[in-house]
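Both of the next two complexes hold subunit A, though its partner changes from subunit B to subunit C.
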Partner chain A sequence: MVAIPRLGVGIGWRSEIDLTVERLPQVDFVEVVAENLSPDRLPESLRVLRGRGVPVLPHAVSLSLGGAEPVDRDRVAHLAALAEALDAPLVSDHVCFVRAGGLDSGHLMPVPRTADALDVLVANVRAAQAELPVPLALENVAALLDWPDGELTEGQFLAELVERTDCLLLVDVANLHANARNINTDPAEFLTAIPLERLAYVHVAGGVEHHGVYHDTHAHPVLPEVLDLLAELRRRVDPPGVLLERDDNYPSDAELAAELDAIRAVLADPEQRR
Partner chain B sequence: MHESWGLTGPQFLAGYGVALAVALISGLIVRARMRAAAQNKSTEPLSADELAYLAGGPRRVAEAALARLVESGALRTSRAGTVSVTGVPATGPVDQAVLADASRHLRRTVSLLLASVVNHPALSRDLASALVRRDLLVAADTVRARLRLAVTPLLVLLGVGVLRWINGVAVGAPVGWLTVLLLVTAVLAVLLRSRPAVPRTERGQRLLEAARDRLTGSVSPWHGVPPGQVPPAAGDLVAVHGLGAYPDPTVRRVLAPARPRRRFGSSTTVASSCSGGIVASGSCSSGSDSSSSSSSCGSGSSGCGSGCGGGCGGGG
Partner chain C sequence: MTSSTGAARGAGPSNARVSNDRASDARATEAARQRLAAQQAELLHALLAGGTPPAGFDQQRLRAEASALLAKRRGVVAVLRPDLTEALDERFRPLFDEFAADHPRRAGTRMRQDAAAFATWLVERGALPPPRRRRWWHPRPAS
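Entry: the complex of A and B
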């Protein structure tokens, strides 16, 4: 078992906000969407950040590890090459599938929480791990539906996955909030069930509630309820890293800095959000 | 020797030469006096937009607004040379016009934004009218009329010379020197007729130079801003020196990518004249070095072409 690196507080690097990310105070690490980058043509901004010693973590969205088809080795190879080009301490993707029968869903689809689906997921994760030069962390997704006949809660499912693959966990507290709001899951049960000692880092993101459904847009401010969940997690464990994701409708630098400050405040004193 | 119109060739050439000198001097005087008229003695300080217009016309106004909006956080720059809105509002018609243009695109390329907004009335017509009212800018109509007047003696002379040339060719007289003089006259007429990019009045020129000295004086070429002093705002620096003077070097590279721009046949480029931003522009504008002073005026302002020689380098 490899030691999990201390990452600190970071933000998702996107080309639209490259200079902002470079200039925000106290950005300890950044995450990049792996599919948007080529290992041999890294953006100047990332070279600047790496030059300063800021860790850059590739985050994939297309491995489709929960899919019934074998994992696409080219996609894994791309992620591996990117990890090496960025000298990343770990990489990540989601517990989901994004394609089936040759069709792409365009969404991170939840995996049925059955023993059979877990077997398939475990096989795909192991296949990916075998090709990756660094540890793989897997993230809980925001689901708008729950497959019928689930045998495990999401927390139990992830705990089994970690047990069988030794993968790391990337916990998205905004997704936890989304699932609590949309499909009535229990975030506290989730946090109790998962092996928190295998937590690599945490995602925090903004969203918006529309007609009674919470949308994990990454294009709106972070809701207080999501920070409450971060505080709940922080009371149980000191996470190695927490990362703010913002993918669209970018606010001013000052607003992004304030969101990072709010995250730091929760980490420093989770009791403030009781 | 052949005599047409009662003059030998050399006699005509001598007369033509004298007339050319007189026409040129009178034209230059008319051109210079165009800037002099000063009835309005208002001492109201220049607004940032007016200062930018005086320094480099609508293009410079757009650049200064861009710098202000980036500094205030209303626009975000990226390394791709684009800007995007952040939701922070802007005040004033100029900044609002620039922000409105940027907000029509997810990511707006800086060069396209500048090229588009220079035609907005808030950056061009409205500011020019205000400056004309304050006697800081010569009205476009006045410029046209004065330049026409300035060039008239040269054109009359050219007409006479052309007739003499036709006559000379017709009678088989040598016309080599006359041809040369006619070409010189034509070139001088074109130069005298050329419109200054920003037709500042003398008062406008003085105010611009004072603003330039004030801004440059607050920054030392070697030590930057002296301790205890507030650094000048990016919008003001860009207003007088162009985007090449944006204080932050990384943002400067994004907003004003260095590209070679030839000026009067010299190989001086924008990048070399203003590479250190305001630190370099200490020598850029205030200094005694006339070459760096004149090259500074090329920075960022594409409107600073052949016509701006006299006015633009005035700080040096």
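Entry: the complex of A and C
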């Protein structure tokens, strides 16, 4: 079993905020969306960050590991090449499917929590792991709907996945909040069920509530409820890393710095959020 | 712990037995893939292509998901083609939603192709004039 690296507190690198990410104080690591980059044409900003020794972690959104079809080896090869080019300690994608029946949803769809879906997910994850040069971490998604006839809770489902594939976990606390609001899941049960010793890092992101539905937009400020969940997680484990995701409607550098400070404050003293 | 099966263990079952178990595992996974494929296809067709809503789902949640997926696709096209949002203004949203209802995005289609297909559809239905031919295509006038 490979040791999980200490990552610290970081932010999602996006080309729109490349200079901001370079300027922000104390960015310990960054994450890039794998599908947006080419391993042989890396942006200068990422070279600058790598030059400073900042880890850059490729985060994929299109492997569709929870999909019924066998994993697309070209997509895995791209992720592998990116990990090599960036000398990344690990890579990640989601527990989800994006394609089925000839259609592309354009989004990370939840999988049914059944034995069938778990068997297929495990087979796909093992196939991806066999082609990747570094450990693979898998993230819980935000769902607007829940499949009927789930045999396991989401936490139990992920625990089984880790048991059978030895993958790492990427826990998104904003997605936990989204699922609690939208499909009545219990974040505390989730955090109890998953093997926290396999936690690679944590995502924190902003969102907004419209007509009783929480939307995980990555384009709004981080809600206090999401920081409360980060505190809940921190009381159980010292996460190797925590990363802020912001994908649109970018605020000032000062606002992003303040959100990173708020994350650091929760990690230093989770009791402040009781 | 490794990601391989128990076959690597020295005190494990005989090679023939392992091979049979693996074949049986592979068949079981293939059957699971087929059942899962049907479930996932039914859901996406309901959400994206006006298919019959699958049994057992909360209908309100299905509508919320369909609406969120449509909004995300519309938003991406708006970012990729600001010329279309500018030309259509308030007509952009209803026209895109009409286009999307009849043209779910096929797997393997990139978002740029999706946006281009919308532009073509707009011209075909007369919502936008055909794009003007660019001047550099014209041969130099004879002097």
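Here, the second predicted complex is superposed on the first by the 274 of 274 C-alpha atoms of A that agree within 3 Å, B and C clash if a C-alpha of one lies under 4 Å from a C-alpha of the other, contacts with A are read in each partner's own complex, and residues count from 1 in each chain.
As a convention for this text, a residue touches a chain if its C-beta (ideal position, glycine included) is under 8 Å from a C-beta of that chain, and two chains touch if they have at least 3 such contacts.
As the structure is a computational prediction, the values presented were derived from the model and not from experiment.
By the touch criterion defined above, A:Y250 reaches subunit B but does not reach subunit C. In the superposition on chain A, A:T20 makes contact with subunit B only, while subunit C stays out of contact range. Contacts of A:R126 after superposition on the shared chain: subunit C is touched, whereas subunit B is not. In the superposed pair of complexes, A:D104 makes contact with subunit C only, with no contact to subunit B.
Once chain A of one complex is fitted onto chain A of the other, the partner contacts of A:E160 are absent, as it touches neither subunit B nor subunit C. By the touch criterion defined above, A:I183 reaches subunit C but does not reach subunit B.
The wider contact with subunit A, measured as residues touched, comes from C rather than the other of subunit B and subunit C. Contact with subunit B, but none with subunit C, is seen for A:P43 once the two complexes are overlaid on the shared chain.
Contacts of A:D28 after superposition on the shared chain: neither subunit B nor subunit C is touched. Across the complex, subunit C is touched by residues 1, 67-70, 97, 99-107, 109, 111-112, 115-117, 119-120, 123, 126, 129-130, 144-149, 165-166, 182-183, 213, 215 of subunit A. Of all residues in subunit B, only 73-74, 76-80, 84, 86-88, 106-107, 250-251, 254 touch subunit A in the complex they form. If you check the complex, the residues on subunit C that touch subunit A are 1-3, 28-29, 32-37, 39-45, 47-49, 55-58, 61-62, 64-65, 68-69, 72-73, 76, 104-109, 111. Within the complex formed with subunit B, the residues of subunit A that make contact are 15-20, 22, 43-45, 250-255.
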